[in-house]
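The data blocks that follow each hold one structure.
Common to both upcoming complexes is chain A, partnered first by chain B, then by chain C.
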Partner chain A sequence: MPTDRNLTRQEVSTYATCLLEAARAEDAVFEVGTQLQNALLIVRANMRLRDALKEPSIPSAKRIEVLEDVFGNCDAALVEVLHVMVERDDIQLLSRVCEEYGVLSEQDLNAVIVDVTSAVALDDHLREVLTTKLSEDFGSDILLREYVDPSILGGIIMSTHGERIDASMTSQLEHARGVLSTELSGGDR
Partner chain B sequence: MAEITASSIDEVLRKQLDSLETSVESREVGTVIQIGDGIARIDGLRGAMAGELLEFISQDGKSVFGLAQNLEEDEVGAVLLGEVTAIKENDKVRTTGRIVEVPAGKDLVGRVVNPLGMPIDAKGPIHSDGMRPVEFRAPGVIERKPVHQPVQTGLLAIDSMIPIGRGQRELIIGDRQTGKTSIAVDTIINQKGKDMICVYVAIGQKASTVAGVVETFEKHGAMAYTIVVAATAADAAPLQYIAPMAGCAMGEYFMYNGEDGQPASAENPGRHVLCIYDDLSKQAVAYRQMSLTLRRPPGREAFPGDIFYLHSRLLERAVKLSDKNGAGSLTALPIIETQEGDVAAYIPTNVISITDGQIFLQTDLFFQGQRPAVDVGISVSRVGGSAQIKAMKQVAGSLRLDLAAYRELQAFSQFGSDLDKATVAQLNRGACMTELLKQGRYAPMPVEEQVISIFAGNEGALDDLPVDQVLRFRAELLQYMRSVKPEIGQQIVKDAKITDETRDALRAAIEVFKNQFSVEG
Partner chain C sequence: MKISAAGRKSLSASLLVSGILAAVPSVAFAAEAGSGASLIIPDMSEFIPALLAFLVLWFILAKFAYPAITGMLDKRAATIKDSLEQAETARIEGERLLERYKAELNDAKKQAAAIVADAKKSGESVKADITAQAQVQADEMIAKAQLAIEAEKNQAISELQSSVADLSVAVAGRLIGEDLSDGEHRKLIERYVKEAGSLNAN
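For the complex of A and B:
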């Protein structure tokens, strides 16, 4: 389907701005951002859900029903925006809306949002250390979006603005495995 | 063998762990939005470069590499080079800042590797001298010099009439089962002792066929100077796509470096390399598959628009370097398979126009017993003539025209029975010379023997022989020359031309042999 890039950009911007204004009214800009991020991960990870939301042959009322079932617990403004996106067959723009919302919300909150994944929940001390260090690096206030993933075994993964610092135990072990399996000592040759 | 003790193991482990860096760096990361058919669509990675190597990390920590292909406004399309099934939606993708590289070095010689340079011949790990990018800029005009040295294929029909020079790109084209691979294999076998590193790239072939070729190389001692890069029909399309470029990169190492592994220069000459791409039609098909799954717009025969550029940039890497750059060379012999002799199809016309000549193989000739089934009428070599040795030019200079005249005459003579004496003689000579060009598989002929054979034909030594005795005559003549008059062949090699003395000696020797040759049957 031919698309006009400028039009698409404007659509994305409209969705993100509307959502931000609604979230601001509820004083939940950061929380809605987190929910939007999670919604995107859910849609991406479930091919059947993604196809169902995109399929034009399914009546939009049915698609909205599916949406309600999955995201009914989310913020009302977010659910409303998702409704409109599904109705207008724009759900494929979700990732761009999410990105645009991230940019707008950082401007609104005057802070940088950093995703932090750790094996166990962060304690106050570690949270403080991270915030101070990141604040120095970015020259701005920091908001941490915390995730707990025991599969990383230990350490921490931080990501923001498409950049990622992976100091998890699994990646360190993987790196060590790579080095040990490829490095040669003199006798191997 | 050194004794293995607990302390030695401990020492080795410590040494290896020393090289373990624990620093953490910031990397650009994207997320897989969709994956299927070996193609991934990635969200993020705004800084990814076209052709950049991407690292996909699966949920269980497994790492798979991919190639960034489509850089779009909001996503990146990439092809996966490894275990496709390990990667799922939402997996992370990292840029590496590198383009695809393959190991290169002397250790690869004699080995069978996949397009990523990993050994597949169960002969242990390969310790490469370094890595080379699969996509590499072809040398410019100033860095080159004209082709002037021959690549002897050992095939009489080719070396005499369609000579190939070091640094040339000569296409081998024909239908299936016409002997395209045989020419390539014979050429590699003939490079023994000629300071040539050969790279045979098998693309989209059956693994059993590749195994057969490797066995042939081993049987004839050709693996000692050959690298086999195999992307079989079972390999993913992206691997088949990069295979010729990877083979070329492995060959370039020898051309750009001297014997000591240091960069080639006037003092440190580069080596000569022969690359065979068997075949580029299958690579084009693999690239078409990749492009269609990447949703690139299809063009003629559904191939993508840049298929010409794909082949031209690969074949442009064939080069004869200037003396200042070490005078190394990379000769490319791409193979194209035609369908029902249709050379006007998209890929054959593209590659014909890129290369410096083509060797056409015809099914009809093959089944008439004319093997190699080279159609000398439409096969050409645009630059190889300057690489031919003078002796060959002296004897084979008019051979192509003579054979063309013979074929024309033969076509006319079918309509009438009364022919004058001169015409009968010309027809007879043509039939004998055509018979003389027949050659068995894996039996390459040294250049001096080729010169002697054609000289004998030109001198009319074959004219009074029945056509079915020509090959026996040639074999026995060459045997006679090797055992009784070896100095004549040596003289031809030494002078690289036929002097008056050599001509006289050759005439006399042929005369003597002719008198003792008895026609059988």
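For the complex of A and C:
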């Protein structure tokens, strides 16, 4: 099995490197990374899409057709890489390719990419505040990958390199709910 | 004809009696005649037949009646004696049986009393056991019921608290989502960013 793992790692690295080189040629390393991240989120969130792309009984031409329908507006290089992954039944490696691309793109851009999720779109002032704070934390340039998700109600979620700060309203309300339940339970018995 | 000694004795006594009896009518007859010695001396013409008749009668009685009467009396005496002996024996046996029955009755009374006492004692013991067992079962049932009630109460309280917390959070979330403007959201984000720790784990 170590051989299989090495082979898989090489495959992941190959996909990520090819995509990075293509994105670099287009001077869209960060944008392609963002689209790759979005593609991963879409595949994760949609079970039927995930199953359709992974199902070996479905002809690859049909699967590519589905892929085109969903990700046709993305960067051409990204769509091409996804084509290859679907053809080779490697779509389950998308998560690892995304991670690898993130590492490579940060090295290429010489910056730390931070995913930022908020209930409303950030303005320039907030970007400045965030960039300043994160630059102090990492001692490096910061690139913000912004997401707007009204379901978090408010606040902000920041994540990078597997670390995450969840200062969203939903998490704080959930914490408050837990505290409330615990306090009520503990106080009455 | 031979006469035994007993028979001679009996004959002598009979002659004496007969003589006396023969003399009596003569006296009476003499008194009736009312004349001297003739009043005492019987008339031979009457005396002889009377004597003969007496002798015949005595003989017949001695020969046939006396033995039968004597035998009958002896037999009756023996029967009476036997009856008395049997009665005495029966009385003794009855008294013995009576004593025995009295003793057995006393034993039976004692045994009955002992049985009643044992039954009473056993009954008391069984009653005490049943009472204790029932008490234990009742205590267990009460304890289980109390536990069940306590568990249900706690569960109900927990569910209520959870519902209250959920409702509170939902209301708070709705208020936040509806009432905060974009500017207020951004101010909130800025405050959180400044308060947040470092994202760099290294």
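Observations on the structure shown:
As a convention for this text, the second predicted complex is superposed on the first by the 180 of 189 C-alpha atoms of A that agree within 3 Å, B and C clash if a C-alpha of one lies under 4 Å from a C-alpha of the other, contacts with A are read in each partner's own complex, and residues count from 1 in each chain.
Everything below uses one rule, namely that a contact is a pair of C-beta atoms (placed from the backbone, for glycine too) under 8 Å apart; a residue touches a chain by one contact, two chains touch by 3 or more.
If you're wondering where the values come from, they're calculated on a predicted model, not measured in any experiment.
In the superposition on chain A, A:126 contacts chain C only, with no contact to chain B. In the overlay built on the shared chain, the residue A:102 is in contact with neither chain B nor chain C.
By the touch criterion defined above, A:180 reaches both chain B and chain C. Touch criterion met: A:150 reaches chain C, while chain B stays clear of it. Legend: residue contacts after superposition of the two complexes on their common chain; A:47 is shown touching chain B, with no touch to chain C. Of the two partner chains placed around the shared chain by superposition, chain C is the only one that A:169 touches, whereas chain B remains out of contact. The partner that reaches more residues of chain A, of the two candidates chain B and chain C, is C. On chain A, the surface patch touched by chain B in one complex and by chain C in the other comprises residues 159, 162-165, 167, 170, 174, 176, 180, 184-185, 188-189. Residues 154, 157-158, 161-162, 164-166, 168-169, 172-173, 176-177, 180, 182, 185-186, 188-190, 192-201 of chain C are the ones touching chain A in the complex.
Those residues of chain B that touch chain A in the shared complex are 2, 12, 15-17, 19-22, 24-33, 43-46, 59, 61, 63, 73-74, 88-90, 92, 94, 127.
Chain A makes touch with chain B in their complex at residues 5, 41, 44-45, 47, 95-96, 151, 159, 162-167, 170-172, 174-176, 179-180, 183-185, 187-189.
On the side of chain A, the complex with chain C involves touching residues 114, 118-120, 122-123, 125-126, 129-130, 133-134, 137-138, 150, 153-156, 158-165, 167, 169-170, 173-174, 176-178, 180-181, 184-185, 188-189.
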